[in-house]
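Following are the structures in question.
Presented sequentially are two complexes of chain A, the first with chain B as partner and the second with chain C.
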Partner chain A sequence: MSGSGMTGGPVFQLSEYLISKKSFLQWTDSLMEGFTIIGPAWDGRQTVFREVGSSAELTLNYVTTMLAPGKLHIYRPKEKLFRFSLSGRQEIGELPAFNGKQIIVGVHPCDTNAILYLDRTFLGEFKDPFYEARRNNTIIISLNCTDVAPDCFCRSMGTGPFLNADSGFDMLLTDFGDDFLVEVKTERVNRLFNVSGARRAGNEEFALKAAKEKSALLKFTKTIDIAGLDSLLRDNPEHPVWGQTSDERCLSCSNCVMVCPTCFCYDVVDEISMDMKTAVRHRQLDACQDRKFAEVHGGNFRARRAARLRQFVTHKLDHTRQYGVFGTVGCGRCITWCPTGIDLTEIAKEIQRTKR
Partner chain B sequence: MKKPRLGFFKYSCCAGCEFQTFYFQKHLMETLSSFEIVFARMISSGGTPEGPFDIALVEGAITEAWQADELKKIRKRSAVLFAIGACAVNGGIPAIKANRPEIEVEENVYGDLSAIHSIRPHPVDAYVPVDGHIRGCPPGERDLYEALTSALFRKKPDFLRQSVCIECKLKGNVCVLVTFRMPCMGPVTNAGCGALCPSYNRACYSCFGAMKQANAPALARRFRTLGMSGDDIARKFTMFDADSIEFRKAAELYED
Partner chain C sequence: MNALKPSKAAIKNITHETGDVRTYEFYVGDALSADPAPGQFNMIGCPGVGEAPVSFSGLLKDGSIRHTIKAVGMVTDFIGRMETGDEVFLRGPYGRGWPLEQARGMDLLLGAGGVGLAPLRPVIEKIVRERDAFGRVLLLYGARDERRLLFLKEYEAWQDFLSLHITVDELAAGAASKYSTGLITTLLDRTELNAERTVAFICGPEIMMRLFCRGLLLKGANASRLYVLLERRMRCGIAQCGHCQHGGLFVCRDGPVFSYNEVSGFADGLL
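This part shows the complex of A and B:
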C-alpha cells in the first residue's frame, strides 16, 4: 500500500487498463462481500454519496453533490467519541474506532483533494484516531470530471477537472464513453483488481485522456486569479466588500460551511441521561458563521457578521500559511448552496479591483 | 437527593407546551420521576403557585397586565425560569397583532370593549429576566431536555443558537430554497426542530423564531426575487415572531 501522502510510503509501480464500464461495475459488485460500497446514487431528490446495495445504483455520470464524500464517510458530520458516567464511580468507556472496510467510488478531483486537505488536519502532528481508522480502511476510487457545473472553479485552483495528485487515493477513472481508463495507484487495490477483459492502456489511451482534459478545461465559466491572493486578503481586512456583502446578503446561516468539503471545525457536545448514569460525548460539525463559534468568556472575537463572512472566505483563499495550500478546492458548493448566492470568487475580484 | 420542585405557568397560549412536556415528549417518564411537580394545571387541579420553585417553566405571551404582575412574583419565587414555546419566547401567534394599534385589533373582534383589558403582546423576557428559551411550537425536544437536565445538574444550559440550515445540512436534506425556490425561513430561524419541515419538502415558517442577529431583511429581499408579494413577505416575518427586532426590520421593508 502506498503512503497517504502524509506519511509517505513506498511508491507502487502504476498499472493502467482500459475496461468496459460494465466490467468495472461487475468488479465493484464482486467486492461487496468484503467492503461497503459507497458512491453517487439518487436518493429521490438528489444525487448523494451513500452506501449502495448494487453497483447498478451508482450514477457515475453525476456532475456534483451537495455534500462531499470525504465529509460524510471519512470525517463524519457527527461521531460518538466515548461514554462516561457521572454518578457513583466515574468510568470512561472507550468506543471502538471504525473497523469496517469501505470503498468510495466516483470521487471527483476536487473532493479527492478535499480529503487530502482533511488529512493535513487530522493526520498531521496530532492524529485523530477516528479519522485515521476510517481513512486507512477506505479505498478511494477517484473519477476525473468531463462535465463542469457553472460554479466549478477547480481549474483556477489547480485541483481539477483532472486529478493530478500523486498519492492519497487508490484508483483513478477517466470516462471513455463505453469504457473507463483505470489507473491503479496503490498495491492494496492492485491486489483486488483482477478483471477479465481488462486490457493494458498505452500511449494512445493517454493521448485521448489528455485531449479529454483539454476539452474539459475549456468548459469553465468561473475563474479566480490566485496570484498574490494571500497577501491581498491579509492587507485588506476592512475592505468595504465585507461590510457590504454581509449587510446586503449574508444570512449567517452557515450553509457555505456545512457544504464545504474542507471545513473541518467541530464542536464537542455531551449527551447526559437525566439520571446521570450514562453520558456520551460526541463531536459534530461546527460553523464559523454561527454567532456562538467565536464566543468566549467576556466577549466574541467575531461578533460582527462581516467578520464571520471574512473568516470563511479568507480561510478558503488566504490560508496557505496553515497547510501550504489554499483552503478551497474550487468545488463551488458554497456558491451553489448560498441562499443569496454569495460568490467568494466575486468577493476576491472586488478586492483585486479596488485594493488598497 | 431531593427532587427539584417544578412549576408550570400558562399565559396567553394554547397550553400545548405543557401537554408536550407532560404527555408527549420523548423523555416523559424521566421528567415525571425526576421532578416534584408542584404546580401544573394541565396535569392536576391541586398544587400551589406560591412556590418556591427550583425550576419554573412559563408558556404563553403576556397580553394582559395582571399576567405581567404575576410573572414577576413567580420570577422571585423561582431559582431558574425558562420561557417555553413560541408564545413565551417570541410572542408567537398572539403577537401577530403586535404591529397594529391595540384599539384597532380590539374593535375588529369585539363590539363592546368595556371588559377588554388586553395590552400589546410581548414575550416573557420583556418583563422578567429568564435563564433561557425553549423555542418552538411545540417546543423542541432537544432544548426542552437541555433545560430540564440543566436544572437537575445545576449547570448552565446550552441552547441551540444556530440556524435551521445547519440541522438541515447535517441531515443531508436538499435545500428547498435553492432547489425548489420555496420561501424558506430556515436561514434566519433558530434551530432546535431538527429541520422538521424542510425534511418533508416544506419551507420553514419560523415557529422557532428569529436567530439572534439574523439578517432578515436580506432574506426578505431574496423572497422578493422569488416573485413573492410584499404582503406575503411581511406575513412571513410576522407569523411567529412579529415582536423581534430581527424580523421587525424585514417586515418593515414590505408593510404598508
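This part shows the complex of A and C:
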C-alpha cells in the first residue's frame, strides 16, 4: 500500500462496476494472502465484526451489529501504550503499533461516518500512533443499507442509509440482488481490484441505485428533527426530562457508551506484573456514565445521574462546536442496547415539545 | 512519536509549604516540548501508579520547572512520599495559559483561593520581571486558615511589585491574626478597583471563582476580561480521553484558562 488515498485523502470516484456477489466474494478470498479480512459474521448468537477465514463466513445481508467495526478494529477497546521496567532504574519503552494490513468489508454508512468522526479525535492536532497505524493500514469497504432496523435514524442525521461521505473509505457496495454495484474510491483498492466478469456500470445502474436509496429512505420509523437542536439542548439543561428519565430508568450501566461507535473516551490504566518488575500502561474505553468519570479532589462535576445522562445525550445531539458535526451517526445502538429503553430521540422530542 | 510518552524528571529540591502541600523543583532538561507558559500544566506520573495534571507553579529556569502539589489522590500521594533525587515521568506543557498579552498596559487583579495560588505564581514571576508592562497589580489571596497559606517566604519580595491582601476563612479559637478574616469575596468587596481597566486572573475552587467573578461584574468589570482556570479530571492532556469535556470544550486543550464569558452558564459547572 502506498500513501495515496489514505485517511482523509480526497475521494475520487475511480471506477464503477457491476459484478456478481459470487465474484465479489471470490475476490475477497483472493485478498486473504496479503490481508486480514474482517467482516460481519455469525458467532452463533448474533452478527459480529470479526476476522474471517473465508468469504463464506460473511453475512453481508446483516442489518446491524452490537459493536461497530471502527471501535473494534481501528480504535481498539484496549491498547497497550508503554512498558515500564520497575526494577533498578525505571525506564520507559514504547510498544509497536499495528503493522499488519487489514480489510474491513461491509461497513454500513453510519459506521463509516463513525470512523470519520473518530479521525477527528485521534488524527487531529495530536495523533494517536496506534489509531493512525490501524487506520492507514485498513482498507474500508462500505456497504449501503437497503434494510433499516427499528432504531436506525441515520436518515435524520444525513449519515445514511446510503453513504454520502467524500473521503476516508475505499470502496462502496450497493446490493443489487445477485450483484453488487461496486464503486472504487481510492487508488490503493483500485490496484487490488482485478476481477474477471466485472462489467462497467453506467447510468442505468446508478438510476437503480437511486431508486434503491429512495426505497430505503421510506423504511425509517425513527426520526429526529435536528434543526436548532444543539442550541435548544444547551438552553434547557434543567429540563425535567433529564431528571425524570435518569431517576426512573437510567441504571448508569454505560451500555449506551460502550456500543456507541463515536464515543471515544478512554482511561489510562497501569498494570503491574505479578513479579513487580514491569508495568504496562494501557488506554482502554471509559464511560461518562461512570460515577468517577468527572470526579476531582473535593468534588464531582457530574455526581448526579441526570448530569451523566445529559452528558451522553448532549454529546450526541449538542456540542457541535466540538468538531463541527453532531456526535451521533444515527445508528441507534444506544437505544437498542439500553436495558430500560432510554431513547435519545425521545428525550430530544420531549424538549422540543415543551421547550421554554 | 507518541504524545502520551512521558520523560523522566528528577526531583532537585522539595519545599514543604503546608501539611499536605509541597513544592517540587524538577530537572527536566530539554524534555518538555516547549517553554511552559504561566497557566499551562504537565501530566506528572509514576509507572504503575498513573498520571495527574498539575499546573506549573514557576517558570522554566536552568532546565528546571516547579510544581506545587497537594497530596489528595493516588498519584499525588505517591509523589508526596518521594524525596530529592527520586524520579517522576512527566509530559507537557499542555493547554492554554493566562493571557498575559491582554493584561499588558492594564491593571491586573490576581484572585487566588487555597492551592489556586500555585498556577498564578508564574504570573507573579513574570510581573516581577516586567513590572512596567502592567498598571496597578493586586493579589487577593484567601485560604481556609493561616496554616494553609502557600509561598509564605516570598510575600515580602512580591510586595515590592504588587499589592498583596490576604484573608483567612477562620481563625483558631481565640487566636489573633495578622490577616483579615472572612471569605475572599468580602476582601474583594473592600477593594477599590478601576474595574473598567482591570484584567483579572482567578484560580481557586469553582464556587469561589463564581462568586469572585460575580463580585467583579458588580463592580463594573468586563466579563471578557475575567479569566478563570478550571480543574477537571484528565487522563491524556491532548483532547482525546474525553474526561475534561465541558460543554463540548476540552478543558485540557481549549483551557484550562478560559474567559468567564466562554464558560459561564455551562451545565455541570458552577460558573
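The working rule: the second predicted complex is superposed on the first by the 341 of 356 C-alpha atoms of A that agree within 3 Å, B and C clash if a C-alpha of one lies under 4 Å from a C-alpha of the other, contacts with A are read in each partner's own complex, and residues count from 1 in each chain.
The rule is simple: contacts are C-beta pairs under 8 Å (C-beta built on N, C-alpha and C of every residue); 3 or more make two chains touch, one makes a residue touch a chain.
In this text, all values refer to a predicted model and were calculated from it rather than measured experimentally.
Visitor: Determine, for the superposed arrangement built on chain A, whether chain B and chain C clash or fit.
Guide: Superposition result for chain B and chain C: fit.
Visitor: In the overlaid three-chain picture, which partner chain does A:V296 touch, first (chain B) or second (chain C), both, or neither?
Guide: Touch status of A:V296: second partner only.
Visitor: State whether chain B or chain C is in contact with more residues of chain A in the superposed arrangement.
Guide: C
Visitor: Taking the superposition as given, does A:D318 touch the first partner, chain B, the second, chain C, both, or neither?
Guide: Second partner only, chain C.
Visitor: Please indicate which partner A:L251 is in contact with in the superposed arrangement: first for chain B, second for chain C, both, or neither.
Guide: So A:L251 only meets chain B here.
Visitor: Of the partners chain B and chain C, which touch A:D29 in the superposed model: first, second, both, neither?
Guide: neither
Visitor: One more residue to check, A:D128. First (chain B), second (chain C), both or neither?
Guide: Once the two structures are laid over each other on A, A:D128 reaches chain C alone.
Visitor: By the touch definition at the top of the document, which applies to A:I272: first (chain B), second (chain C), both, or neither?
Guide: Touch status of A:I272: both partners.
Visitor: Between chain B (first) and chain C (second), which does A:E57 come into contact with in this model arrangement: first, second, both, or neither?
Guide: Touch partners of A:E57: none, neither chain B nor chain C.
Visitor: Thinking of the overlay built on chain A, is A:L81 touched by chain B (first), by chain C (second), by both, or by neither?
Guide: second
Visitor: Enter the shortest inter-chain Cα distance between chain B and chain C once the structures share a common frame, rounded to whole Å.
Guide: 5
Visitor: Can you list the residues of chain A that touch chain B in one structure and chain C in the other?
Guide: Touching chain B in the first complex and chain C in the second, residues 269, 272, 292 of chain A appear in both lists.
Visitor: State the interface residues of chain C toward chain A in the complex, per the touch definition above.
Guide: 1-6, 8, 47-51, 70, 72-73, 87, 89, 205-206, 231-233, 235-236, 238-243, 245-250, 253, 267-269
Visitor: In their shared complex, at which residues does chain A touch chain B?
Guide: Residues in contact with chain B: 45-46, 48, 66-67, 72, 77-78, 246-255, 258-259, 269, 272-276, 284-285, 287, 290-292, 305, 336-340.
Visitor: What residues on chain B touch chain A, complex-wise?
Guide: Those in contact with chain A are residues 27, 30-31, 34, 148-149, 152-153, 158, 161-163, 165-166, 169-170, 172, 174-175, 177-179, 184, 186-188, 201, 211-215, 218-219, 221-222.
Visitor: Of all residues in chain A, which touch chain C in the complex?
Guide: 81-82, 84, 86, 90, 92, 94, 121-122, 124-129, 234, 237, 264-270, 272, 279, 281, 283, 286, 288, 292-299, 301-302, 307, 310-311, 314-315, 318-322
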